[in-house]
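By letter and in written order, the chains are A, B, C and D; residue numbering begins at 1 in each of them.
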Amino acid sequence: MEVGFLGLGIMGKAMAVNLLRNGFKVTVWNRTLSRCEELVEQGASMGSTPAEVVKKCKYIIAMLSDPPAALSVVFGKDGVLEQMCTGKGYIDMSTVDTVTSTKISEAIIEKGGRFLEAPVSGSKKPAEDGQLIILAAGDKSLYDEVMPSFDVMGKKAFFLGEVGNGAKMKLVVNMIMGSMITAFSEGLALADKSGLSQTTLLDVLELGAIANPMFKLKGPAMIQEKFPTAFPLKHQQKDMRLALALGDEVEVSMPVAAAANEAFKKGISLGLSDQDFSAVYQVVKESSAASKV
Amino acid sequence: MEVGFLGLGIMGKAMAVNLLRNGFKVTVWNRTLSRCEELVEQGASMGSTPAEVVKKCKYIIAMLSDPPAALSVVFGKDGVLEQMCTGKGYIDMSTVDTVTSTKISEAIIEKGGRFLEAPVSGSKKPAEDGQLIILAAGDKSLYDEVMPSFDVMGKKAFFLGEVGNGAKMKLVVNMIMGSMITAFSEGLALADKSGLSQTTLLDVLELGAIANPMFKLKGPAMIQEKFPTAFPLKHQQKDMRLALALGDEVEVSMPVAAAANEAFKKGISLGLSDQDFSAVYQVVKESSAASKV
Amino acid sequence: MEVGFLGLGIMGKAMAVNLLRNGFKVTVWNRTLSRCEELVEQGASMGSTPAEVVKKCKYIIAMLSDPPAALSVVFGKDGVLEQMCTGKGYIDMSTVDTVTSTKISEAIIEKGGRFLEAPVSGSKKPAEDGQLIILAAGDKSLYDEVMPSFDVMGKKAFFLGEVGNGAKMKLVVNMIMGSMITAFSEGLALADKSGLSQTTLLDVLELGAIANPMFKLKGPAMIQEKFPTAFPLKHQQKDMRLALALGDEVEVSMPVAAAANEAFKKGISLGLSDQDFSAVYQVVKESSAASKV
Amino acid sequence: MEVGFLGLGIMGKAMAVNLLRNGFKVTVWNRTLSRCEELVEQGASMGSTPAEVVKKCKYIIAMLSDPPAALSVVFGKDGVLEQMCTGKGYIDMSTVDTVTSTKISEAIIEKGGRFLEAPVSGSKKPAEDGQLIILAAGDKSLYDEVMPSFDVMGKKAFFLGEVGNGAKMKLVVNMIMGSMITAFSEGLALADKSGLSQTTLLDVLELGAIANPMFKLKGPAMIQEKFPTAFPLKHQQKDMRLALALGDEVEVSMPVAAAANEAFKKGISLGLSDQDFSAVYQVVKESSAASKV
């Protein structure tokens, strides 16, 4: 199977490598073309512009860093739209908002192409291991046709219906995650102040009904007040805000998420924006102003 | 090893059976003595009063239903205290509050005995399978001596220090659990109202960093609005309240737990007290008054 | 002093009448021109388009219903901009968002005019009585020049600095108000369920440090579960949301406002959108689902 | 009219002086007897023990500092009970919990006496000015008989039914007050960070529907981050906690009060316990940890 691949950042490169290793013919493009070299060494072809990649390939996968990049690759000079036409499929795996996704979708379809949004859950390691979770939405026939590529890049793909649902599903999951890490932080702080060992709490949790990879992975660092950034607190707060806004729209009252969101906002005001979202523990624990008042 | 066992309710019986099956000599007692028969058939001896069991055994395990029962077995006529003396050890595995636990501890020690509180995490099935988590606190030498029995009844035992710490650890864990189930309920409601499949949300969660047995076990029933009672909502709310009270005492502010607690309180006012604590989903989802206003 | 007046809705008409009665020469315009007649009978002149009013008057006051109306009067055919020029001042007293206000401001200034946003606090009765509170921001010289008109329409005007500050001040005030009415509702519900007389609670509150016109005005109706609409719940919720969004922007964590906002959102899901915002009492009190579960 | 008066602290002394000035014959007692002298100079008689005062007077008013003091004066040696008998009435105006109040009530009634709990709303200044609000509950005939004394000490007395209702009413009022001051703090912080003048916000609030003496009195100090203690934050938090516990009992969910309570708890952990409860503003505003992380 032959695919085009636009965007070779940390995630994109890992995904493209997996495709190559599994026998796909891949034509890559990246804004900084030199990043293509490593892939070419592993057997990829290279396109000098997005348009060139689209011209050559029936299926084009994009993995761009943010909405402006996603838009520019499609609408810019030598962009995707210039060669988009009937018979081609465009799969945007970047994490973008619904508005961006819809705008790209409409433009692709107007040119006769098919569109799939397919944001992923998982970061660098799962990308390298082909263990991403793929949240796809849009054209079902395109989804079915490119499933072999999803099988290579992810451990599981979901088809969620109309464009926008991929982004929404990600928000729901991240909202639950944000409330959980805050509840976990409250528990860690309560254990500590109550004279219980936090390490023992982690052990007890690990054996029980609420054991989960996140507590296991982040807990030991959190109790040392270390928050190496996997997912920045400011992004977690943004997702909480967007999930609450979605709740506004569809009339769901979510007081626990709202309380967690305010904790993340406090984290931002305390200067924790760029630390891992588990740094919300610092917000819960914090009592440093005591001496100043 | 020989042990006395007081209390043959659902949990106690399963635990005593496990001891018997693993070669322990067990002398049982239960308020309704007829419940002892099944155990006697499996090789247990029987005592006609708690005092008689204590007289006969060096180690006595109690698994009573609530604080009044735990107190009555110790302080009542023909109770534990009447035969308690130097050289004996009393292990109370009932779930009781710190005050009750401390009162029993002091009385046992005054008589020359040793005391261990050892509430468990896990319900009927783990009790039968010898897979309980045991949160012990009190006399460390006693803990070490009775470890063989804990090995049989539980998959893991923790020694948590002074009497009271077992109960506190349980509160911390249950508080995190209560916030999590409420956050999960908010996510389920948000997914539903946003036009996403709740079943797919469960599948996505199951594959990700926050996958946990509770979501997996309860999720499918919750989306059908079924809440078969494993742990009643009113008990979950009580534990949230006690955890918040502990936070009051030790000066930890816990806004997410407080928000979840108010959701459980609303659940009680909506008549959900005796349903499973996952019925908090009903509180989040609920919008039935619309037609009445 | 001579002023133009655009928009004769409930508020605008009352304000224009006050200007006439206090000796101002007023040229009025309204989209439905027939609404001008009553003012003309009281001595006003009439313009057939916004442009005509601007051409004739040095100072033009606008009181339009919403952002689209405010924009259309300025940018539309025969609109304000067509005659705006150096020497003229435009005072928009409509309640609009910062983006709308800024857009109008820039257009007016580009034409050489001066601009003032001046949303008001207070509804029909204060408008009729000339007792509005005016939250002005923008051109200070214009503010000073039109102060005589503010003296007639309001009991107090504030100059708040740059354009946008008027809208922000309104949000802050409404946010405090929204949290207060929710706290008040919780108190009323608690009194009732605790066996205290709600009427007595109102009397006690009225005499103490937190006595305020809102509790006094709305309390007696609320305890009868009547919520005649002065300010719709959905608008209160919108203002809470916007205030929280402002808090997001400027990094202020506001857990009480967030909890109140979720109560208003629950109110919307319960069908209370168009009732008075005091209907949040219904949300707090509500326990009707009990029988259904 | 002749009354006994037990307890001459700041409040009690002011109240007793008012009684004397208005023609009451007053027999005073205080644990530190020397505090009686000033009252004796103003015409009071003095009793050397509570029992002596009860023996001499038909009506005895108590204004003690806390539950232990209230209990000791009644049950202690030479205490109230020793001379309590049919025909006498005991009015406890101290602020005590329901349990204490009920215990005293039962003991008085058993001796044949009548009992009224009558906690007050208001502090030193209203006590001196005879402007307290009196929240009475218990024996209605006694309430009616001692009304002349309430008229002198307070601006308004309420009879609230059975013993315990006085304390409950105080909790409800203080709970609303605590949520309001927190909402107010959030508004002040939001104004400040949004570039609005806090002083202007106070002015705007003062003119509107939510104007109240508390905002007016405390606002100017709060924006200077001064919190002279009128009602300590730790007492406010205690009342929030007790009000939430009452809500637990009677099944009222109060998420706004719960969020405010957590803010006060954070205040305690920040070392603000003994400052005025308006110091919760410090909690909302606080962002000092930034530099430390």
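As a convention for this text, contacts are C-beta pairs under 8 Å (C-beta built on N, C-alpha and C of every residue); 3 or more make two chains touch, one makes a residue touch a chain.
Remember, predicted model here, so these are calculated numbers, not experimental data.
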Top of the farthest list for subunit B, CA-centroid basis, is C
Cα superposition of subunit B on its sequence copy subunit D - rotation in ° rounded to nearest 5: 180
Calculate how many whole Å lie between the centre of subunit A and the centre of subunit C, each centre taken as the average of the chain's C-alpha atoms. 41
For subunit A and subunit D, let me know how many angstrom lie between their CA-based centres, rounded off. 55
Note the residues in subunit C that touch 2 or more other chains, in rising order. 247, 251-255, 258-259, 262-263, 266, 269, 287
Sites on subunit A touched by subunit C in the complex: 237, 241, 245, 247-248, 251-255, 258-259, 261-263, 265-266, 268-269
Can you name the residues of subunit C that touch subunit D in the complex? 121-122, 133, 135, 155-156, 158, 160-161, 165, 168-169, 172-173, 175-177, 179-180, 182-184, 186-187, 189-191, 193-197, 200-201, 203-205, 207-214, 217, 243, 246-247, 250-260, 262-263, 284, 287
